[in-house]
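Here subunit A shows up in two complexes: once beside subunit B, once beside subunit C.
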Partner chain A sequence: MNDMKMNGMETIDPVWAWQPYQPSADQTWDRRSAAHLFRRAGFGTDLARIDESVKRSPADVVGELVAGNQEPSEFRSTAEALAEATLAGGDPAKLSAAWVYRLLYTPNQLLEKTTLLWHGHFSTGAEKVQDARMMWNQNQLLRDHALGDFAAMVHEISQDPAMLIYLDSAINRKAHPNENFARELMELFCLGEGNYSEADVLELARCFTGWEIKNKKFRKNRYQHDSDEKNVLGQTGAFDGEDGVRIVLEQPAAPLFVARKLVRFFVCDEPSPSDAMLQPLADLFRESDLQVAPVVQRILGSNVFFSSMSVAQKIKSPVELVIGMLRSLKATTNAGLVADGLLSIGQGLFYPPNVKGWDGGRAWINSSTLLGRANLMADILDNDSTRFDGKSLSEYLRGQDVETTDQAIEYFEHCLLAVRLSEEAKAQLRETAASHSGDRERRMRSLLHAVTSLPVCQLC
Partner chain B sequence: MIDRPRLSELALSGMLVIAAYVAWPCDASAEPPRGADCVTSELLPQSIIACAEISDVGGVLETVLNHPLRAKLEAMPAYDGFMASGAPGQLQMGLRAFEASMGKPWQEALDTLTDRGVTVALDASDGGVAILVHSSEAELLERFRGFILALRQMQGATAKQGDYRGFMADLVGDDVKLVRMHDWLLVTNNSELGKSIIDQYLDRDDETLASHETYLAARKNLEGSAEHRVVSAFLDIKTLRDAGVAKDIFAEKIDNFVGEVALGGVLANLRHTPYVTGQFHLTTAGLSLQLTAPHQREWEAPREYFFGEPELAAAPPLLNVPNRVFALSTHRDLSQMWLRAGELLTEKGNDQLAVADTTLTTFFSGRDFGEDILGSLDSDVQLVGMEQDFSDVLPQPAIKLPAFALQFRMKDAAETKPELRRIFQSFVGFLNVVGAMNGQPPLDLGMESIGEADLVTATYVPDRDERESRSAKIQFNFSPTVAFDGDRIIIASSTPIARKLIEPNSDSENTNGVEDAVQDSNTAARLDVTPLKRILESNRSQLVANSMLEKGHGKEAAEAEIGLLLELLGFFRDVGLNLDVTDSQMALQVAVDVEADTEVQK
Partner chain C sequence: MQISTNQSRRRFLRSSIGGAAAIGVGANLPSCFAQAASGSGGSDERILVVVQMSGGNDGLNTIVPYADDDYRSARPKLAIPSDEVLTFDDDNGFHPSMTGMHELLQDGQFAAVRSVGYEQPNRSHFESMDIWHTCRRKDEPRPDGWLGRFLDQQPVTAGGDVPALHLGREQQPAAVASSSIRVPTVKELSEFQLRGNDKQSLRKLLEKRQPTSTAGDNQLLNFLQSSTTSAIAASQRVTEAAQGYRSEVKYPETDLGNKLRVVAQLIDAGLTTRIYYVQHDGFDTHAQQAQTHSILLRQWSDAVSALVRDLDDHDHEKRVCVMTFSEFGRRVSENASAGTDHGAAGPMFLCGGGVKAGITGKRPNLTDLQEGDLKHEYDFRQVYASVLKDWLGTDPTPILGKQYKSLSLFA
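== the complex of A and B ==
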């Protein structure tokens, strides 16, 4: 039965797919499945936490992850103080480093992971906005609503200075309604192509007339607002911007569109799930007044999430690869180095490539970025500031009772890889370690570099 | 890596003592030959291009270990943390093993081992380095040799020895050999250099560094009071120059104008001078380094405008303001340097200067920047920086920078003052136009008078909702001001520092203390550490953030690191720099004064 259900997303039974995962002989709840959960619901965690989670039920672990949808006040104040200190210099590039630091230290990985999702969804690039404070304010907005109220997030993002500047919508006069934001609101943020007409774009743009950014702040210019009647997505009235956002979110396509985004992000990029497959999630999203957390909890605790349709079926983004390695080994490093490196291999934080955000999936990998990933890992492992739970890598591994090369390979396999290593790959890794003439620390770092450069390590 | 069992401290000491005695060869105490009573330079070949003689290791140890700052250092929380880390235990274990081998306390042993001097020499051929230790106790030197060999054996190194003219050479590292020659200990990484030293030690019949003309001249230069001098050094510049080493330093022209202003004259001297000597002094009050080289006025061309033309000129006094952070005064004829850039700068440097000249000439309303603007100023350049007081100021910038001011004397104040005032006003207008395009706050022009002096000020205007901000943009450190007082023109980053330099009762040209030395110097500078520390304190959150981001530290670790850095900075009082030039000599002196009188605060 399961085989039939799991032949592909098109043929999968939606009822089975989103039912709570119950461990069975076929799909055991073990280190591998727990590590999968932590990698997808965050970036990865150390083996001790994985082992501790295996002793509990998957539903409990997922529940705990989703419940951490707000940062502890102490961590938030530290992260905000760090950001404020960084903002004093006014350089958005430094802001990337501050976010890397947050990714490395946050106790709520799911919250940060979802913030990253919305950063790509409501794509805004610092190279155009050119204002670190605006970028940070938007980032906080996304974090505040990451697992919360999607409708509130869209309402706020539609008045966000960074977003409106990025979409050339800082000015919107009634004589010449600016269509940019109206189009992206429907196409990229809420509905997707085919769920609106060109006339809807024009009418929705009229709703937003008078919405402008002056002196880096949002304001409504009533003299430039078109207060006449509009016809948006089948509704008629003298709508303003808030009405426009509300009407868009009321469309039946909206929950389906967001559910598809969440499934692509948490389950798999390909193949694309059918509408029927997504409908239970869309219904849940609508029933919960567009709250994100219940849908994410349903996805992370579902049969399909722990099935072969999901495990090792995604290509790690650069952030997932680098932060995942660091968090899985309790490592800390130079956040600026990581931020610059992420930019060079295609996922600069605060620097998405265009208004559509990162394509993800297979687009993460090409010959250039693959080499770049290996080089970035080498740079991080060569950097003196890279420490593992405050120790050298060899000391850290010794603390985990890892002494030999074989033990290290097994340890890295459990922590970092979504699939088991072949004997051939293990032999190759042993050879790499043996050929290194340096001390134990250099050998272990070299082995870790070899593991993170493996094709299977690019899978999540 | 093979893990070895940990040895107890006692067992390790015992093994080292035994090994040290076992390693004592029977021929080591043969009668001393002809070279036993010579000085180091009589053993070194003429191909030595640099050497440093450390004269009083025992005295240095005593000064450092008995320094008043030691108690303060030991009272720091970071010191307790270090002591608890285990690293001091290993050091203690090593020291006890050393003491057991030497048969006396380690300080006394080191003092005796080096009591007739330590010399480090660099040979021109193959970069060979030799360290010669001269001791009054040959037996102690042999014990030390035994200790080193025993340590090597314990580290698992294979003992390798060679013999040269009756002396045993032990391999103590990659290519590093150790030889005891009665009361001398030689360590070198170059066999040929080692052999030539042993040959000279035994034969005394070859030409040595002691008979080298350049070295003799340098030695003469080093004569005089040696009180508190711990290192005397010599560097043969001519040989380096002839060998084509560091060609950029000895090149006729350099790449940029700022480098020319700062170092042009020094580099000009290095292109001719035969040698440089160095002296390092250490006292309880601080440490100083003095580098001296022969100088001749005929070597200056075409850089005489660095030194003063036609006579050597001295820098004006260091400016003084309350809470001064730094001051620099120098003599530079900037106009002549700008106009004669073709002779001073490389083609690349001249291309850059030509672009800058065109821009500046346009900016200065068509007046030639080199001839008319710089030419209207005297050659006395004074720069001063001070800590800014933001206690009653809003908005306050998040990053708090020091204010600085540049002071010149105008050759013809009546003509220059109105012109420069107009140029400053145009400059502020230009900044406002450019700033508005980039979303920067505007500058508000103002005028004020203090006595006979006129100030033209420009103040950033904050947004309405940021007037009370305590984390304002970095621009709010600045209120560009130009002040005219008699023949003085002051270009300041902020109005308060300009006022301080103008106010009639301010002691703006201090001529006591360190500032007196300026009278003979071409360039003088001083850094006052206490206000610098206060500035860093006021930016502590930024420093902590930087540490967190760059080193991946947690907040507590970053705060501890920055706290330690600031505490250590508090050990210092000031840093002074003087470049003195006479008809025959150029001397650069850097002195660091420490807070030797501080009381320990727990």
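== the complex of A and C ==
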């Protein structure tokens, strides 16, 4: 929103932007760029994996990340078994912790990150749906298609009980078409405001008449379907809901709208790229029959992704901050603590703020969430269940040959920060560390708390 | 949009009741705060409290044209029975939930403007809310909000109190976005301070700007740094300001009631903050509207009237005005789910000892509609212009982008 300075996104050549990144003297493939890739394509990884990736080509590493587009069945069954226990209780609030488990342990970070993207995109809140299993089923739907077929995802979400309940569209009668789902399908899911008229909303709503949720299941009530002719986005026919979704997805605005979302999610918060900049991605998305993976692969392997227009040009979401710290240090902790903490700082899983999902970027940040971020880190680092590769933090760091305060500052910088610390900033951290009493473990945890609370650590 | 009924939010409400009292007193009072805390009264400048009804409030069931037959025929299920309406003249009255507002009107502390909206109404929640917040349409640049632009014009008091405060767990409204000032969002006073073993040293670390090699050209980092230093400063002041507040008025134990009680505490503590902003969510009543809307209006009416009473008791009634708005009204005809869909014009409300009590605007014409919605009689910027000029004492034109004819809303 604020004093937005051009960072070049408007002026760069769209062709160059999306061409494959070739490491060069200006843009080296090193720890920093590899860590950037892992932070954006997931939540972050430990230094050993970063160093191992630097020895391979960036395209190779990106290819491997994108190829992990389905969960290994073993991991899925463990995650499911854990979720079943919470589903039995029926409390959707507990589901957040089940998702945190996935975020902490998944071998497919890009798949999980993209699932989180779609959760915000097809925003649905458990607060209103009040049914844990419906929310969980929707989450699986999003995961199944996260790096797959966007059209299939939209078709399924249009019949998803949680979504339709969330949008007050569980009943949709011929005499009174419900506009809500039709409007959000165009405004928020596929086209964006301005790419349809109010008349299109009314006509599209007629296509969905008779679609309802009965006994927690989707069904088509043919007695309530308006089978007359409709005029939707310039097409005329006796359309039903599937036709309606198809027509919306056929609009030229659709691939551009989704490309914009993907670029904002993976590349930078601001400024918003021009249509011309996005067009190559939109074209690729259309040519790939709206498959998500090719576009994501193109983005993550591109010149612009590894340029200064992207590195450190996003503000970490709460999930990126917390899960990022944990995964970068091979840490595990109490999933419930993380889930509740994420809600308190603005990103409750299964609890997006409204139908638009999370705005992200600067909207993550205000005095309250900044204090909350620091406090959540304090809670996690004070918690006995927080272990680093099964060890205490000081033992873990010792295993990485990190003994002194200076070495720890440098280690955390490599793992957690998108921007190098200046000498003065390091001196301030040293001073802060020196003021801490307590044993080595206590001091290392305090230092980690300080680093994660710095403004610079909120950058991704 | 969701209705606020989840358990964690309810828990939050309950816990925040004791929250303010539970805050420990810092040993040292920052010097910038000493004046206010010593009871010298701080500022006597006027204050605006904004209450945002999110989701689109059904204006026709708020100020009810109960004698209008067209109202009854458009609302077979949802029309408020005539004998339940809290009448204020022969044709119009309040929703039965609004006893608090009804009493305020009788006491000369309530004003409403009917049929407020704008040309070519947008029926998207977000777009319409953005229009209300920024006073600009989508095709214009919107880097700031109308209150943010007001704040930009105010003299800067270095190290002073925050010029505006957003209370709540929602995202910060664009209305308070400013190019020069970061408005803090406070969810709950007890959460608005650092905790943990190392909080002292961490506060010292974060209250200074950290130099980095690249901060100069990374706008996001600049933003994060100034947000962090202002968060630490605001945390100190706000926490200390809320100490020792006593009130005879019983606020409703709701999210809004708690937030407005905190507003009263901060005002009475002498903070020089001039704008408080709170949101009251859940008005997107597409289905089964009657009960939800009744609860929401009661929560609003009870909480705002409690605030006004409390300010009366503490002799602040002449300097505080509470303004309520929503991003749009709702469709005149109810839908098949006993709800109403997104509409256009709706009423705005002003409460407090400084308002010229009464109702401005004609009874809405339910037969002359645009796409099933009420046409507006007043542009919302006319109300803003009145508030800016006659209440906050500033020239509205540069803030609103052009001249709007103000209304006579203040005594």
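Here, the second predicted complex is superposed on the first by the 453 of 460 C-alpha atoms of A that agree within 3 Å, B and C clash if a C-alpha of one lies under 4 Å from a C-alpha of the other, contacts with A are read in each partner's own complex, and residues count from 1 in each chain.
What we mean here is this: contacts are C-beta pairs under 8 Å (C-beta built on N, C-alpha and C of every residue); 3 or more make two chains touch, one makes a residue touch a chain.
A quick note: this is a predicted structure, and the numbers were derived from the prediction, not measured.
Once the complexes are laid over each other on subunit A, subunit B and subunit C both fit without any clash.
Using the contact criterion defined above for the overlaid structures, shared-chain residue A:Ala378 touches subunit C, although it does not reach subunit B. A count of residues in subunit A touched by subunit B and by subunit C gives the higher number to C. In the superposition on chain A, contact of A:Lys314 is made with subunit C only, not with subunit B. Legend: residue contacts after superposition of the two complexes on their common chain; A:Asp131 is shown touching subunit B, with no touch to subunit C. If you stand at the C-alpha centre of subunit A, subunit B and subunit C are 80 degrees apart, rounded to the nearest 10.
In the superposition on chain A, contact of A:Leu459 is made with subunit C only, not with subunit B. In the superposed model, A:Ala152 makes contact with neither subunit B nor subunit C. In the superposition on chain A, contact of A:Lys216 is made with subunit B only, not with subunit C. In the superposed pair of complexes, A:Asn180 makes contact with subunit C only, with no contact to subunit B. When the two structures are aligned on the shared chain, A:Ala59 is found in touch with neither subunit B nor subunit C. The gap separating subunit B from subunit C in the superposed three-chain model is 13 Å, by closest C-alpha atoms. The residues of subunit B lying in touch with subunit A in their complex are 1, 397-399, 439, 463, 471, 473-474, 541-542, 544-546, 548-555.
Contact residues on subunit C toward subunit A in their complex (touch as defined above): 1-9, 122-127, 138, 142-144, 166, 169-172, 174, 177, 179, 182-187, 191-199, 201-202, 204-206, 208, 210-214, 217-221, 223-225, 227-228, 230-232, 234-235, 284, 286-287, 335-337, 339, 341-342, 371. By the touch criterion stated above, subunit A contacts subunit C in their complex at residues 1-5, 7, 93, 125-128, 166, 168, 171, 173, 175-176, 178-180, 183, 187, 193-194, 198, 269-270, 312-315, 340, 343-344, 346, 348, 351, 353-356, 359, 362-363, 365-372, 374-375, 378-379, 381-382, 419-422, 424-425, 428-429, 432, 435-436, 438, 442, 446, 449-450, 453-456, 458-459. Those residues of subunit A lying in contact with subunit B across their complex are 78, 81-82, 84-90, 94, 97-98, 100-101, 104-105, 131, 215-216, 332-336, 385-387, 439-440.
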